[in-house]
Each structure stands twice: as C-alpha cells, then as structure tokens.
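What follows is a single structure, written as structure tokens, with notes after it.
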Amino acid sequence: MAPGTLSVTTSCPMQLVDITSLVGKVLGSQDVSEGVCYLFNPHTTAGLTINEGADPAVKDDIIAGLVKTVPLHLAYKHLEGNSPAHIMASLMGASLTVFITNKTLMLGTWQKIFFCEFDGPRNRNVHWRIIPAHL
Amino acid sequence: MAPGTLSVTTSCPMQLVDITSLVGKVLGSQDVSEGVCYLFNPHTTAGLTINEGADPAVKDDIIAGLVKTVPLHLAYKHLEGNSPAHIMASLMGASLTVFITNKTLMLGTWQKIFFCEFDGPRNRNVHWRIIPAHL
Amino acid sequence: MAPGTLSVTTSCPMQLVDITSLVGKVLGSQDVSEGVCYLFNPHTTAGLTINEGADPAVKDDIIAGLVKTVPLHLAYKHLEGNSPAHIMASLMGASLTVFITNKTLMLGTWQKIFFCEFDGPRNRNVHWRIIPAHL
C-alpha cells in the first residue's frame, strides 16, 4: 500500500479545483494496474468530491448552490467566522475511494475529482494511499 | 480483489432505488466470507447512500427534503438545467464502503443501500470491488 | 483485517460526539503501523464526519447549520417524525476511511472523528475494520 501527499494551492475563498490529473500522475508513478486509490483531505474547511468536469460551470454552480444551501449568517459560536466552511466540509466529506483499472482511474465519462476549498485561498494537501488488487 | 458492475434502471426524475439485494447477489457469487465491499457510482447526477429501507416513505422523504434544501432555480451557469442534480450528487457522495461478514453485508437493522437518481429516468451503473479480509 | 465495534452513548437529540480517542484505543490494541481504518455507522438517523475538534463550538455550529439547512417541518410521509434525522444521516454519510501511520490515525492538525447523533439520546455502535499496508 503506497502512501503519499499531493499539494493543492487554491486562489479563491471558495473554489472547486480539479485534481484528477494530479491523482493520475500518482498512478503513473506506481506499478498498480488494478486496485483502489483512497484520497484523504486533512483540512477542516475543505473537502473532496467527484462531479462533472467537462463543463467548468458545474463546479461553480456547486459552490453557488452550497452558498445558498448552508446558512452564512447564523448565530454561530465559533469565533473565526468560518463555520459555514466547516459545515460545507462535512457535507462534501473528507475521503474518497476511487477504483484503479489498467493503471488509470476508473471514473465515469464526465467525472473529475475535485478538491473543495471553502476558506481559501490557502496551500492545501491531499493524502493518498493505493492498495493493489493482487497482494 | 474481485471487480464488477451492477445495472440500475431508474423510472423517475428523482428516486432512491434500493440496490441491497443486487449487492447481496454479488456477494453470493464471490467466495469472500469476511472483507470489505466498495461501491462506486460513475455518474455526475446520481449518488449512493445508506438509509432506512423498512419504511419506503423514508426514501421519498429524503428526496423531498433534498428538493427543499438545494436551490432549484438559482442563476446557475451550467446550461443543461440539472445543476441541482449535480449538487445533490455531491451531497450524497459517489462511493460507499460496506463491511462483509459471514458472506453477507454487515448493515444495521434498518439499513439498505440506495442508488440515488437525481436526473432520471436513465440506465445507470454501479461499480463494485470486494477485498477479502484474509489475503 | 481486524474487525470490531465501538459503543457510543449520546446524551442529546442532536449531538456530535468526538470518538477520536476511542478509535485511537482500537489502533493501540492492534499491531498495524501503516494501513487504513474503515469506520461504519449501522444506524439510519446518525452518521460519521471528520471536522474541527480544537474548538468545541464547531461541532455545535455544524448541528445548528444542519438544523437550518434541512427542512424540519415538511409534509414528510414517514410517521415517526424523524425524517430530518434520516436526511442529515445521508448528508454526513455512513462510512469513513482514515489512514494509519506510525500506529496512529493520520488526521490533520485540527481534525477529529465525530459520531453524529440526529435522533438521540441513544446507545449507538460504530463498526471498524483495519487493513494493514503490508499483508
């Protein structure tokens, strides 16, 4: 089970960053033709999700929808003012499981892997581990 | 690590389809008594979730709740008009991890596995992989 | 792949309970220095999430945000009256994947693992399985 960490630099307060090619490069450096790739986001105001990458408007719409879904100005107790970012982080989730086949990510036609920044811009990390199908 | 794909046909624009017995049939065809089963949805307007299956009203209430939670008529940029479906897909998530014990799914008393259709009706797939506990 | 179950007792209708140290005790009892820990919640009105544990206000804000996000008084069909709890359960998710390194959980600086109670108080369980990196 190979381990590693990707670096992601975000440029906006809220942003979905397509990290599919970064994860693909990791696979290219590993000798695993069939298996499972786990991704883990170690930040509490960010998350990971898989969604459409063909039309870049979708990632913007996901942010727009979350901003309207999660209350931004509630009487939150956490004094840093970023409680909506913490809530969005939990809604997206901290980990992903993606299958590997033929040394590539087994994603759907329109799917891309996104790092979800909710309190940026920041330098962020995504940890990964790969487990081969045949141990 | 055995791989495969399930087919799911949905009949409504938005619908939770209980796929527990389909996943159970997969387990029955595999010789894995203890392990982990991963499920992966390759679509960007659908998801996977685990929730109550005993009362079918719950799956309808989850849809009703999501429809009221996610804004349906925002000024979305994605021109296909299904941005709410994309957002719901990310809220539910694309992958699930379920334990296997005694060659069966280790679900709670009321739990069932649901394919979440948010832009149907369509023919959909769910990929699965099973990793045995004792390799 | 070692299996087991943690017990969690909740004391409120809705509450995030930090179970990080309970999971850490599990790791201490296992001889796995590198690997992956899966957590699975078998309940349909509860979930699992990873978020900030340093300031206890964050977990309260997540509950407060979810209460404002999910409609509490819709014309739900499920007669038990806890449909919002079922929806929140699906929003948080039933399973988590956490990496293990040096026999400890590989969490971010501020991250803790939380059991999410949405229909308490109750006695709850969390199943776990650990897969070592070197099998």
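So that you can tell them apart, the chains are marked A, B and C in the order they are listed, and the count of residues begins at 1 in each.
The rule is short, and it goes like this: a contact is a pair of C-beta atoms (placed from the backbone, for glycine too) under 8 Å apart; a residue touches a chain by one contact, two chains touch by 3 or more.
What you see is a predicted model; the values in this text were computed from it and never measured.
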Viewed as a graph of touching chains, is the assembly arranged as a line, ring, star, complete set, or other? complete
Counting residue numbers used by both copies over all numbers at the interface, does the chain A-chain B contact come out same (over half shared) or different (under half)? different
Intercentroid distance (Cα basis), chain B paired with chain A, Å: 19
Each of the following residues of chain B touches two or more other chains, namely 69, 91, 93, 97, 131, 135
Which residues, counting only chain C, touch chain A once they are in their complex? 34-36, 49-52, 55, 57-58, 60-62, 64-66, 68-69, 91-93, 96-99, 101, 106-111, 131-135
In the complex of these two chains, what residues of chain B are touching chain A? 1, 3, 38, 40-44, 69-71, 74-80, 83-84, 86-87, 89-91, 93-95, 97, 127, 129, 131, 135
